[in-house]
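As written, the chains take the letters A, B, C and D, and residue 1 is the first residue of each chain.
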Amino acid sequence: MTMLNYVMRRALLALLVALTVSFGTFALFYFATDPAQTIAGEDAPQEMVEAIRVQYGFDRPITVQYLDWLGGVLQGDFGQSYFWKQPVVELIREHAKVTLLLAFSALAVTILIALPLGISAALRPNSWVDRFALSTAVSAQAIPNFWLGLMLIILFAVTFPIFPVSGDSSWRHYVLPALVLGASSVPAVMRLTRTGLLDVMGSDYIRTARAKGFTGYRLIVRQALRNALLPIVSVLAVQLGNKLGGSIVTESVFSMNGLGRLAVESIFNSDIPTVQSLILLFVLTFVLLTLAADLINAWLDPRIRMG
Amino acid sequence: MSTESLLEIRDLSVTLPTDSSELRAVRGVSLDLRRGETLGIVGESGSGKSMTALALMNLLPPAARRQAAGIHFGDADLATLGEKELAGRVRGRRIGMIFQEPMTSLNPVYTIGRQLIETMTIHGGTSVAAARRRAIELLEKVGLPDPASRLKQYPHEMSGGQRQRVMIAMALMNEPELLIADEPTTALDVTIQAQILHLLSELQRELGMAMILITHDLGVVSRAADRIAVMYAGDIVETGTTEAVLSAPRHPYTQGLLECVPGYREASARRLGSIPGIVPSMTGEIRGCAFAARCPRAVPRCHQEDPPRRPVAAGQSDGAARSFVCHDPEETRGRGFAGGDTATGPAIRRGGDSVLRVDDASCTFSVRRGLFGKRKPLRALDRVSLDIRKGEVLALVGESGCGKTTLTRTIMGLQTPDAGTVTLAGRPLGEQPARQRARLIQPIFQDPYSSLNPRQTIGDLIRRPLVINRLGDAREQRARVHRMMDYVGLPSRVFNSFPDQLSGGQRQRAAIARALILDPEIVICDEPTSALDVSVQAQILNLLLDLRDELDLTYLFVTHDLSVVRHLADRVAVMYLGEIVECGPGEQVLNRPKHPYTRALLDSALSIEPALGVPAPDLAGDFPNPMNRPSGCPFHPRCPLADQRCRQRVPATETLDGTLVKCWKADTPPPSAPLDVRPDHNNKEDAAP
Amino acid sequence: GPDDDTLVVAFSKALTTVDRLYSIQREGLILSRLTDDGLFYVDPDTLEFEPLAAASYEWVDDTRLDVTLREGIRFHDGSPLTADDVVYTFQWVLNEDSDTSRGAVIRGWLKGVEKTGPLSVRFTLNMPYPMALRDLAISIPLRKRGTYDEDHDDGRPLNGIGPYRVTRFSAGREIVLERFEGYYADSPKAHPAIRNMVFRVIPDEGTQQAELLSGGIDLMMDVPPDVADNVSALPGVARLEGNDIRIGYLTLDAGGYSDPDSPMTNLKVRQAINHAIDREAITRYLVRGSARAIPYACHPRQFGCDSDGPRYPYDPGKARKLLAEAGYPNGFSFKLWAYREKIIAEAIVNNLEAVGLDVDLRFVKLNVFSKVRNEHRMEAFFASYGSGGTPDASASTGVHFAADSSRNYSGDAALSRTVLAAERTIDPGQRRRLYRQALDRIAEQAYWVPLFSYSQNYLLTPALSLPVPDDGVPRLWQAAWRP
Amino acid sequence: MTLKETVDQTDLAAPSPHQEALGLTPGQAALKRARHHLGLQLGLGMLLVMGVFALLAPWLAPHDPYLQNLSLRLLPPAWVDGGQWHYVLGTDHLGRDYLSRIIYGARISMMIGLGAATIGALIGVTLGIIAGYFGGWLDQAVNFLVTCQLAVPSLLLIMALVFVIGQSITVVIFVIGATHWVFYLVVTRAATLRIRELDFVAAAGAMGASKWQIAVKEILPNLVNQIMVIFTLEVAVAILNEATLSFLGLGVPSPIPSWGLMIAEGKTAMFFQPWLVILPGIALFVLVIAINLLGDGVRDVTVTNRRS
């Protein structure tokens, strides 16, 4: 089964990547930070810090510590968070909910804005729609994410208190963050939709279809769309990946308890088991998403499927 | 063929906006077409042929604007019909269209079946089942075996020839009254070209369609068209019956075009005629005759006044049938084109010592197909042996993908063979340093657009070999470049220009200058003219032959154009699927071919013979995929003579009449008569009324 | 709000556990004063250590302490508190394997605990330890016997004896408390007014403000003074200002740990730096509130914080002169490390640059900071110390000047001996003398630049009344709704 | 601009057969198109203005951006009640002149943008050419690197790196540069793969040129256009990244006036002194939009043969 083969190859790559990256992070933290102090706290007396150092085994050589952790992972034990004193798996499960919800609603925002805009721009190049779409893209690209978040808070949570300022406990908490996070990938997706569709519309087979008598929406829907979707699927996969691992800024501006924040906090606190597990998770997500995009594309495009 | 008029185009113009000004791609074209008739439109690249065809059904690029006094198609005026009516009633229904690029003209993500069926169902009134039956029927008709299973295939699973057949079937689904074929065979191999053209004329006759056949190949129109329209710079400069136009061209451009075709004049004329200059850019207003700048007969009036349309009424029932657009100045009548000096043609040379030997060279690539595919070996060269002798022109012919380029790359040391050796000047190539090799052997490539680095000026480009080989100081190098540019006929003002600023012909001259500046012994020309228009091709061929004489060069000339081979080759080697199947002296191979494949190639080549029709090819099928080579003789699946032995055992190389042949049947006489007494395949009894 | 009788408090940092035995975070301290009672507690008004779960205590001698428990104290699960529970708690803490965050400290002085009656226990000490009551008051909440047994799981986040019980704990998000109706009535903390309390984790200050303004939270703690100024100017917000036992200081590498040739080993340089910093201005404009510039290495409210050592008033001219005398007329470059209050660090840098020093401010997170500090690689750092809320000089001098402390950059063995001796002395007069001696030495040698004491700002809804704490730890059980 | 666009536009061999002999040089043609490109001119204009500000900051800024005046903290802009014309845009929480800090901030942003984009380009282009031209296991290795880089959220990686290495402008530049080379790499690799097959590369081989000569002299010059376009975009990305980093507290160290840092510092007071957040935000927005306009313009202008 060749597809299985392919998937295996990718899995192997993912494994290698995960190992490399996680060892890199491990070394980085080993040489630069003192997790014991964070665990003990700012004002902790020295005996306490020392006790913790020994108790957690931070005094062992790096390879021993790393292999110890790795051994645990291989047995399905992702360890105990130093800082939260909880099983990492549980910690991640808890935070993942927020991030998943946020990422998918942001993706929905992106799709709802970018696709219609991109499609209408491509159908009438150089028209006002096109210009509008392009200027939207250019400006959206230039607004820093965190700043947009702050402005939205000033506007819609304080001046006009429509939405809550922060938190993640109800759907209303997700509106502004999803908007911010979604807006960040609008330019890329919109432009890609536009150029992709323009390319397709300028292609020989669309000319053939027109010569056969296709026009209007039928031309788009029945002939162009599937081809134009190919690049979009890939870019959406990448964007979703970015959102799942990279909503750091949004989560911090809106104080949401997602994976991004968890990652940041764990870094700041040298919570190595959590950092490591998160990185494994991110690598896995990335690989899975790109794999999924490849498979979807293969399903959409017989050329990829069969060569 | 009836005399009822089907299509009347009056004063059709197409303009396209460009960065700075407007490009007038079509300038006031008027054309008539009768039911069942085939009209050939010929002209060089960029003359506006495609734009004319697209303008008929308004399939122009979005920015283009179309104007016409009228496009009367039967009872409808296509010039005034809205997009909706055009789409609903005309496109695909009454007018079918086939495009040049079969590789990209089918939607890659849908099956052939879906694309065929929707052609009918979109216009309503037909059930899917009926459309499906029709699709199967038509696929059968266009010669695709096992049509029902073909419906499930995707375009990329088919070869170019097969796709073009699908395109034809698609265009015919609704039995259109008019079929427009825009260069339907240009991208295909000669053998396939002949098959497709033959198929088209058969179908046309059977269905009684009219057809507009657009091409730049005079050989193709001469065989396939009833009438011919010659386009130049967006206008039709001469029209008439094929026979009349080709045998007695009246417009200087038509004359020039014909002079350029190798083999149009007697084979003894080793020097081709050529039209100087290039097709003008069609931006802005053109004053006077568009051709005047390149015309040997031009007088001052030609540059100032628009030339009149002159009917040639001599004994025609239909006055519009033959005309040309020219001032036709009396005083210059009979003045021909530059290449008229037949006397200086080079003599055929033979003998000389072997300067390059290829012994049993094999070359295998490993190719992955598709995302999930495994790597598979692709054998591009299979134990090829060849030798090139001092001073000769060795032509290497074969269909696309047979390994010609791989062989030349191996010879130049750019590709290391898996097995076998290449011996250059008595030493194995592998043992020679690259620079030493470079001074013995130099290439000229097919595509003058990709063979010159767009980021270097022409001067730097030509000088580069000297720099790399550290020959002379900067001043000497520059002087040598100037001398070389002189040699190849490049004006020295282009020294500081970039390749983008040059025409195709000029670029090819620059490439030649670059190849020759190291003073090599052997020049490898990989299809050096196939990307060029005929008029430019003639210039380059002439130049190459002149240079050979002056610099005492040896050429390995790769081509698939047999008329070019006939024109200049001393010896010919024929390749098929990575093997050399026949190799021998030019006249021997071309006039008395031993291998059935050589014979088929020669049969398929279309020379300008208005009296003949498109021959029925006796070569079955397509060029096979080199990934799965047939057993035994690789040619056997397509060979009309193949028997059990051919299927099982690889033929050995043997020598017959000084020709090397690799065929079990080399001594069997051909089933059909030799080329020159070939029976008339002409199906057009009424070619010239 | 008062409507649902729920006080919502914002926490900037997430609490990792509600068990005070396993956390020393400030937030945990605030919370545990609601959920847990120790044997003793800090009287909020006098800052004395008073019995809480203990009815009375008695020092048998320097190393033995008898404690009698109150009657009728119940855990949140309804079971009564007994001497067994107390013994269990302390034995658990003393057990090396229990890994409590206080174990190391308690083990330092406590030898053992034994039951002397159903409601009385005896503590045996390793050595005379004046701060024993403090440790019992601040660090050790009482636990039900068997709480940490392997098979023990009663499904509740915490089983304490405090006036509030935890009904929900979701780490990093919120903690929900409910008034414990079974709380013993003779406790000084009895009869809290508010029924429910929610602690929401909102790391971002701006967000906290917005929440406060929009009614999402009722109380914000640790508010930077600027924010407090701004927000309290708005209607619907009240502001409280209180003391904090925390002090800010610079440590200079007098011992030459980071580099034996460091300019910081030069007394004149250290004195120059002391003179260069305008602590008055910094205190007035940046720390504000009840904060004061401090002349010595302790909080003025702490016991033993007296010294006659030299003071270093702001005098850039003198600082320059001292630098020149020390051989650095053009100043020198060094790295100043810091991990909190960036604004103040920047102001300090600005002062130092004004006298010709070239300062590279390394503002990092605590875990990096402490790594570098513990490896003694800093030439100078800006830090602060809260003394765990203890109003006694021992809480900070020992940590900073004991010989084996990684925070000790003085390299002064004699000073370290003095400090250690003070920690083992019970007699108050003797202790006072020893601390004065130590503080004098620190000031003379300018090992530190003592900067200022902190103040605490609270923002709250006007509907809430809250007594201002003196030690910086709010006593939420005293919170009430204004009528 | 997206990856695919850039990759698509590497259509080097796209013939422009109908061009007049001896037309414009590629440079001239681009200039000519630039003259009709509004976005490009607008972007360039804005960028020039900001560039002048950045270069001449010491002369243009009314105050020393580092000079603190604790007694004049948090002055509002001059036109707001309580503002002073002496401090046109007010002061920050340490009493430093906000206008001067914003002007100096342009310097920081540009320095970081240019520096990081250059480092990214060096890494990405080198790896891209190596992967594309030499292929084989080198390509595999580079592909592995790319996957590593992409699989970890880049902001997280940057934060972790800055966090452990320590904050300084150099570190920020290097870390951002070292994490933003994938775009260069993908585009150069794709273009190199395509160019490698072109005949002029074979011609150079036939002349006896070595592999490195071919890579540097034949292939690299053909990548310049795309590299330039990506470069401008990456400058913008780097600037935003630095701002984000500074906002999260891991960017350039205080007291260097970085816009992101200023926003972060102003954030706590954003409901009361909103200009502290809005003003640097606007500066950032204008700079980035100018760069993006320039980048889009350069792409439109240098990429030939783009129909529509």
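Definition applied: a contact is a pair of C-beta atoms (placed from the backbone, for glycine too) under 8 Å apart; a residue touches a chain by one contact, two chains touch by 3 or more.
These are the chains along with the protein names UniProt gives them: A, D = ABC transporter permease; B = ABC-type dipeptide transporter.
As the structure is a computational prediction, the values presented were derived from the model and not from experiment.
Peer 1: Quick one: point me to the chain whose Cα centre is farthest from that of chain A.
Peer 2: When every chain centre is compared against chain A, the largest gap points to B.
Peer 1: Any idea whether A-C or C-D has more C-beta pairs in contact?
Peer 2: Output for the comparison: A-C.
Peer 1: Rounded to a whole Å, what is the gap between the Cα centroids of chain A and chain C?
Peer 2: The computed centroid separation for chain A versus chain C comes out at 39 Å.
Peer 1: Starting from the mean Cα coordinates of chain C and chain D, work out the distance between those two points in Å.
Peer 2: 46
Peer 1: Centroid of chain B to centroid of chain D, CA atoms only: how many Å?
Peer 2: Computed from C-alpha means, the inter-chain centre distance equals 47 Å.
Peer 1: Distance-wise, how many Å sit between the C-alpha centres of chain A and chain D, to the nearest whole number?
Peer 2: 22
Peer 1: Could you list the positions in chain D whose residues touch two or more of the other chains?
Peer 2: Each of 163-164, 267, 270-271, 307-308 in chain D touches at least two other chains.
Peer 1: Find every residue in chain C that makes contact with two or more other chains and list them.
Peer 2: Expected reply: 204, 206, 210, 213, 365, 368.
Peer 1: Residues touching two or more other chains, restricted to chain A: which are they?
Peer 2: Residues 32-33, 125, 150, 158, 202, 252, 268 of chain A each touch two or more of the other chains.
Peer 1: Run through the chains and report each pair that touches.
Peer 2: A-B, A-C, A-D, B-D, C-D
Peer 1: Touching chain A in the complex: which residues of chain B?
Peer 2: By the definition above, chain B touches chain A via 57, 59, 61-62, 83-84, 87-88, 91-93, 96-97, 99, 101, 104-110, 118-119, 122-123, 154, 156-157, 167, 170, 368-374.
Peer 1: Going by the contact rule set out above, which residues of chain B touch chain D in the complex?
Peer 2: Touching chain D: residues 19-20, 45-46, 61-63, 278-281, 409, 412-414, 433-439, 441-443, 445-447, 449-456, 464-465, 468-469, 493-494, 497-498, 500-504, 506, 511, 514-515, 518 of chain B.
Peer 1: Which of the residues in chain A come into contact with chain C in the complex?
Peer 2: 32-38, 40-51, 55, 83-86, 91, 94-95, 150, 153, 157-158, 161, 164-167, 252-255, 257, 261-262, 265, 268-270
Peer 1: Taking the complex as given, what residues does chain A use to touch chain B?
Peer 2: 2-3, 5-6, 125, 202-205, 207-215, 218, 222-223, 226-227, 294, 298, 300-307
Peer 1: Inside the complex, what are the residues of chain C that reach chain D?
Peer 2: Residue list for chain C touching chain D: 204-206, 209-210, 213, 224, 226-227, 230-231, 233, 281-282, 284-286, 342-343, 345-347, 349-350, 360-365, 368.
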